[in-house]
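Next come two complexes, and both contain chain A; in the first it sits with chain B, in the second with chain C.
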Partner chain A sequence: MKLKTNQILGDYGLFLVLLLLVIVSAILSPLFFSYINLANLLTQASFTGLLALGMTFVILMGGIDLSVGSVVGFSSILYASILHGAFFTFMPKEIFIYQGAPKLTPILPLPLDILFVLAVGAVIGLASGFLSYRFRIHSFIITLCVMIFTRGLAISYTRGQPLFGVPDPVSFLAYGMPAKIPMPTIIWLGASLLSLLFLRYTRFGRGIYAVGGGEEAARLSGIQPAWYRISPYVASGFFSALVGIMMSGRMGCGDPKIGQGWELDAIAAVVIGGTSLSGGKGSVGGTVVGVLIMGLIINIMNLLAIEAYPQQMAKGIIIIAALALHSALSKRRSR
Partner chain B sequence: MKKKILLGLVILLAVAVLAGAQGKKILLGFSHVAMNCPYYLAMDKAAKDTAAARGAEIIVLNADLDISKQISDVESLLVKGVKGLIINSVTEYGTMPIIKKVKAMGIPVVAIDRPLYGDYLAYVGIDQWKAGELQGNYFTKTLLPAGGNILLIIGDPGCPASIGRGNGMLAILDRPENKGKYKILATYAAEYNQMLGMQKMEEGIAAFGDKIDLVYCANDSMALGALDALRNADMESVLVAGVDGQKEAYAEILTGGQYKSTVINNYWEITQKAVHLLMDYLQKKVPPKTKDVITGTILVTADNVKKYYDQNAVF
Partner chain C sequence: MNGAGQALLEARGITKIYPGVVALDGVDFQVNAGEVHCLAGENGAGKSTLIEILGGSYPKDGGTIRVAGREVEFSSPRHAQEMGIAVLHQELPVLPHLSVAENIFLSRQPLRGGRLVSYVEMNRQARRWLEVIRADVDPRALLGDLPISRQQLVSIAKALSLEARVIIFDEPSAVLATAELRRLFEIINSLKAEGRGIVYISHRLEEIFEIGDRVTVLRNGKRVGTEQIANIDRGTLIKMLVGREIDESQIGGGAGPAERPEPVLEVRGLARKGVLQDIHFTLNRGEILGVYGLVGAGRTELARALIGADRVDAGEILLEGRRLKITSPREAIRSGLCLSPEDRKTQGVFLEKTVQDNICLPSLKSLKSGLFVSYLKIARYAADFVSKLRIVTPSLRQHVKYLSGGNQQKVVLAKWLGMKLKVFIFDEPTRGIDVGAKEEIRGLIRGLAREGKSVIMISSEIPEILGISDRVAVMHEGRIEAILPRREATREKLMAYSMGAKGA
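For the complex of A and B:
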């Protein structure tokens, strides 16, 4: 009997926590199950979710990517500046005074400009991964430097100001509701599903688990680690750029300051979801549940009008509690 | 099982009880930009007091200078079913899409302190540009008529208050009669916070030493911080100017020392007017007479500070 309980807890522990949170939220606030609240909850979780998705790849590899927040901010203004016809040239001294919706003179036509910014995000990830692999420096240091550099670049580029003017299709990415489901959620869950299938059923995906679990063993099995070590960062950079573009749609402007601290939320979601920081163990499914758990907790605190700083205290406690829970559950499973 | 209960308790511990039932009171929402300086805290108090006086309930959410949190805050207020929204935007453009959504739901919006570009019922605040001009004129005509070097400490580069107060002053310096006489040594950003203002001033002192003649800060909190830094460095002759009309600033001006001037930005008048405007519109269907309600933008110097100084004021 005991063995069965342990097994259930071990396999479904996370889902039980999720269920518990939903019940607690519904009890504490009658507004919880309203359509508008659930839509908000899912929308807000989707941004963290996409960052957490990229982060899952990186952490599975035994690394970490601290630069995601900065890449979000940088992509946001890179995209906005392309729309305004400026391209890696520093912004003029004049402040943007509102004179009605600006006449956008984009350098690239619509789908290409998004693809370009996504490519830039991927290249930043590539640089992080490559530097970390080639010079054998821990990704913590490399991505920390990339984080600082990219944020500085974004803010210098626009002298700290937001860039106004984003076309409707991009606003749709943030606010659209096809079939009454928020567009960001569709993008997030779609990407997560594809990633889950990729990691589980392709050779490359399983190679990532192998290399993350132990590079020497993987090498002896005939896997060349280089590309496996670098590609997670490319994915992380790609998703960060995607979030940057979606945030531009959400705000109607590019803003170099957004995304500060989001890397920690992404890491927290991945950790709550059960992926081990030492690499090789974990799953995209767990991350999705981790994102939802964090989203639910933030949502119920918002519904109860808890102030911003006590919310942070709660977040901290919850992440530690989640780690304790995981360690207890994994001990039980192995009994 | 024990661990699960622990987790559940932890979550419940982290949660506070919702204040009271709503009943027949009108529910207002206030999406505030930050609570990191006395001015914003005073606005929070004024909003709550005025709403209570009008028999309404108001929820104040703090976006902590983060535009994406502000968008989430407004969404939360919408879920709660607020009938009217007061918003102090982190950036003027970033809130446009969400305000459109609010307007589409038929909820009137009053912009306060920081302007926003969008469809709102009214804007209540001082004329930020004029505040800058008032200071600019004071510098060029009274404080430094022969010219000088100025250090600029703004709040936040994207913020309309900084833009108005800074550029309004710079516009005066750019006038033909003033051209060439004044030099801006550097521009720092200190988030309207006193401690950061002090830190940035220290950096300025390290970089420019006695070249500085005057330091102009976009708000009094930062200016008071800069004053501390100057006093620590024994630089008693450098002039200091701010904006907002904080009572500590008035106290300094009263002493006749290096703190020379500020511009009134009366948090009470602004917040109170905003709440009244919103309630008048909701209860009596009376729209505001003008879309831009500019409250008194008055320069305060040693000449008139006695009229405004009140030791017991909240701000």
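For the complex of A and C:
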């Protein structure tokens, strides 16, 4: 019977941590369970959540993607520039100084502009994956380079200036509230559900687990690893671009500097969610819970009006505590 | 049914060239329906290369492969599998985080609605194949949670599910204990009776004689010959293998117990929850204590506990009468104990480091000049051991991963020899290395004992244990069931005690 308790703790320990945090938050602040706060929490979590979702694919396959934050920044500015009717690269500085609402004559009509930016994000991911696979260089290095390059590209694109005037149809992606649920959350949870089903119920999804668990073993089982190794980065780039577009809508402008350091939040959420950094083990469900845990930590500190800088310190410590607790619980199980 | 069936797999003139090395030189090999064809040869003889080519993992540089009479060109392991050739690799490359059923059906999972993986159906089919070989394994269990012998059964089930006509076993006995090997032989015999062709690779001659119908011997990438097992004896086979004669009776002959036993290591009531119970024994100066037991009996766990790699819950260890408090391998080495671990490649050597780096690592302290490590001293020190132990390596700076298993094992030994240690623990030191090198390693171990060192020698090979030990401890389920002096130890007694039959 004892063993059974331990097993439950190991399997559902993460949920217990989440539950614990919810209870603590509710006790610490009466505002916690207000609709506005919960909606805000979920919206915030959704952006990290989408990045962490792409990251889950990559980490399950045994890699890592440091470029997601930069891709967010680049797709944000790229998207805004399409709405402005031009690819602005290397234009004189004066153009970017905000002079009231610009006249918008987009290059591409509405769904196509979004699809274009998503495709660019996917192509950046494809490049990371291909380079890492083809030249057998660890993805940490490749995506670090892609991260630096893409951020540089985003900033040179408008010489570091934001582009204002992103119109309503896109802000719906960021601010919409169908059925009183934030649109980003619907997108995040919907994408997570689809990814979960994909990873669990398709041969390709199982192949990603297999390649992450042992590439040679997978190869000997009849899997050709190339596309399994590359495609997770495509997913990651795609979701990063989606976040970039949504951020443009949310801020009403394209900002090449946005997303700095977000890759670390995404990685932290995936790891808190129990996905092994060495690959082959983990789940999208865990990542969703990991994202919520991260979101809760920030949310409760905001409610308690803790300043931003000490918040970072607390965040670091709480993440370690959550991981230690989780590891202790799963160790007991494996005994 | 012996050897009478039609040719299922026919390889002619297989050649494989690596930069600077001809790994296979025009090798012919044929597997008939309903036969067990053994493949033997020293390490580096080309056995692995041949089966990798037959299994579709490597492309060949010359020759032809025919499956059931038709010429084929394998493009991938999957292609070979589809043609009915399945390889069970020695270091079973399995996916520990996936379930048993998924490991069996990876990339061929049964689908429902033509798209989604049906776990119910997959588990049902997996259970069916496991039942065929009477393997008591839950298809839903994570493969990594199973002992290696069960993992092997899963691999066999997988080969069956592939409808493989030819199943290649790459040294299965390297990871199985005697009882499990019996089981495997039963399975192989039933596969054979169904008319499948079996290729069986082993270093152990007795297995070849027991299970094989024919044997093909490779040496230096060439086929030495193919013989009906019934027509040859051990001496002939050994001669084919090594190209020279080795007197097998020489396996015997330890240093012999000293006149007056002088206890070096005393272990009293050692216990570790779930793996070791109430371990008592004494090890004398110049003595080789063999430790025999089935896989899972706690032999490796005992070795790890002795050198402090795992925590113990109770008991004490005395070295030359002084009580030791060992909580880490570092302290064990300081006190004079060392372990040559079972898993040589991951725990015994650093594959990516050079021969000299490996040999000198524990002794770096004494190889300094002034503040810094002296590479001159390192090279001299390593060169000394390389010549003393006759380690075959092109240079001291060769990476250990390119050495043969026997030479890797010698590197492990060299690492400890310069350290003035008192107790040497060897966990399966001759596993997976070829016949000639095995005997060399045993010779080195006997030499240690003759110099007055004390040795604990863990092995799954009964002839080896009987040959080298002054006394034999037999373990069963975490206990030492019996300690037998050499003259009382027999194969039957070892088997009986290891299976828990007391008072045999």
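Just so it is clear, the second predicted complex is superposed on the first by the 327 of 335 C-alpha atoms of A that agree within 3 Å, B and C clash if a C-alpha of one lies under 4 Å from a C-alpha of the other, contacts with A are read in each partner's own complex, and residues count from 1 in each chain.
Heads up, the rule we're going with is that contacts are C-beta pairs under 8 Å (C-beta built on N, C-alpha and C of every residue); 3 or more make two chains touch, one makes a residue touch a chain.
Please read these numbers as outputs of a predicted model, since none were measured by experiment.
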When the two structures are laid over each other on chain A, do chain B and chain C clash or fit? fit
Counting only touches as set out at the top, which of chain B and chain C does A:252 meet: first, second, both, neither? first
Where the C-alpha centre of chain A sits as vertex, the angle toward chain B and chain C in the overlay (nearest 10 degrees): 130
Chain B versus chain C as contact partner of A:318, first or second or both or neither: first
After the superposition on A, what does A:219 contact: first (chain B), second (chain C), both or neither? second
Thinking of the overlay built on chain A, is A:210 touched by chain B (first), by chain C (second), by both, or by neither? second
Determine, under the contact definition given at the top, whether A:281 touches first (chain B), second (chain C), both, or neither. second
Where does A:24 make contact in the superposed view: on chain B (first), on chain C (second), on both, or on neither? first
On the superposed three-chain arrangement, identify whether chain B or chain C touches more chain A residues. B
Shortest Cα gap between chain B and chain C in the overlay, whole Å, is 22
Residue set of chain B touching chain A in the complex reads 1, 3-4, 6-8, 10-19, 59, 61-64, 66-69, 71-73, 75-76, 78-81, 91-97, 101, 117, 156-158, 163, 167, 189
Going by the contact rule at the top, pick out the chain A residues touching chain B in the complex. 5, 9, 13, 16-17, 20-21, 24, 28-29, 31, 34, 36-37, 40, 43-44, 47, 95-96, 98, 155, 159-162, 164, 171, 174-175, 247, 249-253, 255, 257-260, 297, 300-308, 310, 313-314, 317-318, 321-322, 324-325, 328-329
Sites on chain A touched by chain C in the complex: 197, 200-203, 206-207, 209-210, 213-214, 216-224, 276, 280-281
Quick check: in the complex, which residue numbers of chain C touch chain A? 55, 57, 76-78, 81, 87, 89, 93-98, 102-103, 106-109, 111, 115-117
